[in-house]
């Protein structure tokens, strides 16, 4: 039983890391209706930029600020060069554009900073910590704390500021928001920039865990089942979905993996997400629109 | 002028349904087929056949398979490579375990297995829509790859799941030389393209497009949504499966499950975006583009002094160019190269006038 | 009920709500065979929702539907189509990536007997059937004067013509009951006259029973044999046009008086 609890808690904490990627995704989907496949590439770009700056002798917070500036610039560029020309096009077209975008960002990040693996040390020891009789990863606890802080920050931004009000208006009804004088392009740029910031945080944590390398871009594939389970439009959903996927994955790895030869972590979250979908076709927290005809 | 349509009327509905309504188009097609079947194998160098024409044909076929599902029936899929893998591994195992099975039957049955897998992973489409469906096709992508890697029975216990081509013989003729492999591929591609073209012009094709354009209205006029969607998955899976078998055995010769990874699925998707969603000819244009672009880029970089662009940078550059092209096409020409080709043809039809 | 024959459609106590919000409450009425029935009422009265209940797009929480002698708790869209209910939509629901001819042909999908494989290989029953379907589709296209546009993509047509193509697609199914959701919305007077004539012709020549939603009271009074008035999901009037016109509750609803 203790072992079970330990696996479960470890899984839940690991799941938070998935949520981090999913949150950036939810932000963009809510505000611009874009299913942003490039979120993973943004994580890679941010982490690679940050680590390369640090390796060139830039201090931590300086590198953080510079990377953030780069992410904002990227967001502005995306808004201008991709989103604006594609306004009013079908969601599938926009999704495919973000596929192209992910190729561009990945290619550019590696062309700029090289393809080798960089180590990233955030100064948190990845040593197990004994807590209430369970061995927990110190790093995972730190990641969970960071995620909680980030969510608190984002919900403050969304619920307590004028910008947040505009964001919610746009998410609710883009045309209506336009009619009351909210400037959509600016909102999009802001949201993509915030998503870039979330990507940076995710990139640092994931980079510290896995090393900064191309495979960071693939965390988007981990975030997808998380989103499906949580629903595309809910921040809470992204968190809960991450916890479910994290826990489910770990438990399956430990209890199911040995029976089938292991290595199931690539597809298991998807199978889990499919099961959820069969019961709730728009995810746990997603809203199912009433079809008006 | 030479493209004149004067005097060409369809006297009967049947004539209106022909492959090409205009005589010139039909003759051009016959000439192209004659050239492809008779002239190319005779004059094509091994490099052209092996490195350009065969992969071009197979990728066109894979594009065709995905285009039926995504371009016509409107079901987004990121799992094309999984069904290609099923086709390849099924064909391999059939050839291995069923003695005396003719090669053509083996490849076709490989397609049938892929169709079955495709229907299985298409089942969720009856309940979930749009982006949520991605989860099902991605599940197929990862599960199939895992299955063929983990369960060594599928690769007859070979190291890391590598499978090798069965003997390429049809009725005693050895087809393992480049020209033979080219002809085998071409035969499948032509036959399946004609079939697919007929399907999209038929009731089923119209039903697919109806589901794609507005599924509520499709249901209201009595189109059976479940059957229509599943048939799209089945036919798409069949064609992808055959394409997978050809990719493995007429192009590569040996393949491991990793050869059918997610980036292969993306490649197929890019073919239909660049070529044109909902177009048959577009698959060929898109595939040609995707095969030729890397070759063109490396030729170009060869012109630069050595050392300016290394292999790694060339790959990054390729990614950037592909990504930009995708975005560019979606913005400027969402109907892809097929649309540009059509515009050129319209020009020719009225030439030398402008309208 | 002055009709001697049984009504084609009878709604009994239909109630529908979305997430607790009542859209239709306890509505009953009959649609007589071969007649044109108009559904009128202010925006949000539940007219479109009612059409959606009749052909099974929405599922009512209470009540039953009797169509052509068959009693059902609720319809489903496919079943409705098979039984002979066709419709057009308030916001045009054509298949935008297809030509006029192809759109009309989709309306005939239930009349097919040959399998998809026969059609793909052009063998067996398919070729003769293709000809027959095409001929029927061309008849509908001719009936609605759409010949010049048969090979045009519907998304390239002006709004008024799109409305007509939608009617053509519905007619192609040779329905017993035709549901028209605001067929004349957004049209000018000339276009409205034209569309009214088409609807009347359909009704007269094929004997098709029509239920239509329309806001233009002039059109309704001229075209329909029977009028049902809805307001806030309730039925407030039901009868011949002249009678309904004098109904005080209807007048109140239309003039916006408190009631």
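Chains: A, B and C, in written order; residue numbering restarts at 1 for each.
The rule is simple: a contact is a pair of C-beta atoms (placed from the backbone, for glycine too) under 8 Å apart; a residue touches a chain by one contact, two chains touch by 3 or more.
Chain labels with UniProt names: A, B = Branched-chain amino acid ABC transporter permease; C = ABC transporter ATP-binding protein.
Here the structure is a predicted model, which means the values were calculated and not measured.
Participant: Please identify which chain has its centre, taken as the mean of its CA atoms, farthest from the centre of chain A.
Facilitator: Relative to chain A, the chain with the farthest C-alpha centre is C.
Participant: Using CA atom means as chain centres, which chain is nearest the centre of all the protein shown?
Facilitator: Smallest centre-to-centre distance to the global C-alpha mean: chain B.
Participant: Quick one: report the Å distance separating chain A from chain C, using the average Cα coordinate of each chain.
Facilitator: So the centroids are 47 Å from each other.
Participant: If you average the CA atoms of chain B and of chain C, how many Å lie between those two points?
Facilitator: Comparing mean C-alpha positions, chain C is 41 Å from chain B.
Participant: Find the geometric centre of each of chain A and chain B from their Cα atoms only, then give the gap between the two centres in Å, rounded to an integer.
Facilitator: Chain centroid spacing, chain A to chain B, equals 33 Å.
Participant: Identify all positions of chain A at which a residue touches two or more other chains, and write them in rising order.
Facilitator: 291, 293
Participant: Considering chain B alone, which of its residues make contact with at least two other chains?
Facilitator: 216-217
Participant: What are the residue numbers in chain C that touch two or more other chains?
Facilitator: Each of 57, 89, 93 in chain C touches at least two other chains.
Participant: Please give the residue numbers of chain C that touch chain B in the complex, ascending.
Facilitator: 55, 57, 77-78, 80-82, 86-87, 89, 93-98, 102, 105-107, 109-110, 112, 116, 119-122, 126-127, 130-131, 134-135, 169-170, 173
Participant: In their complex, what parts of chain A are in touch with chain B?
Facilitator: The contact residues of chain A facing chain B are 35, 81-82, 85-86, 89, 91-93, 95-97, 99-108, 110-111, 115, 221, 224-225, 228, 232, 260-264, 266-267, 270-271, 273-274, 277-278, 281-283, 291, 293.
Participant: Using the touch definition up top, name the residues of chain B that touch chain C in the complex.
Facilitator: Its residues touching chain C are 12-14, 16-17, 195, 198-199, 202-204, 206-207, 209-210, 212-214, 216-225, 231, 278.
Participant: Which residues of chain B touch chain A in their complex?
Facilitator: It comes out as residues 76, 124, 127-132, 134-136, 138-139, 142-143, 145-146, 149-151, 216-217, 262, 266, 269, 273, 312-313, 316-320, 322-327, 330-331, 334.
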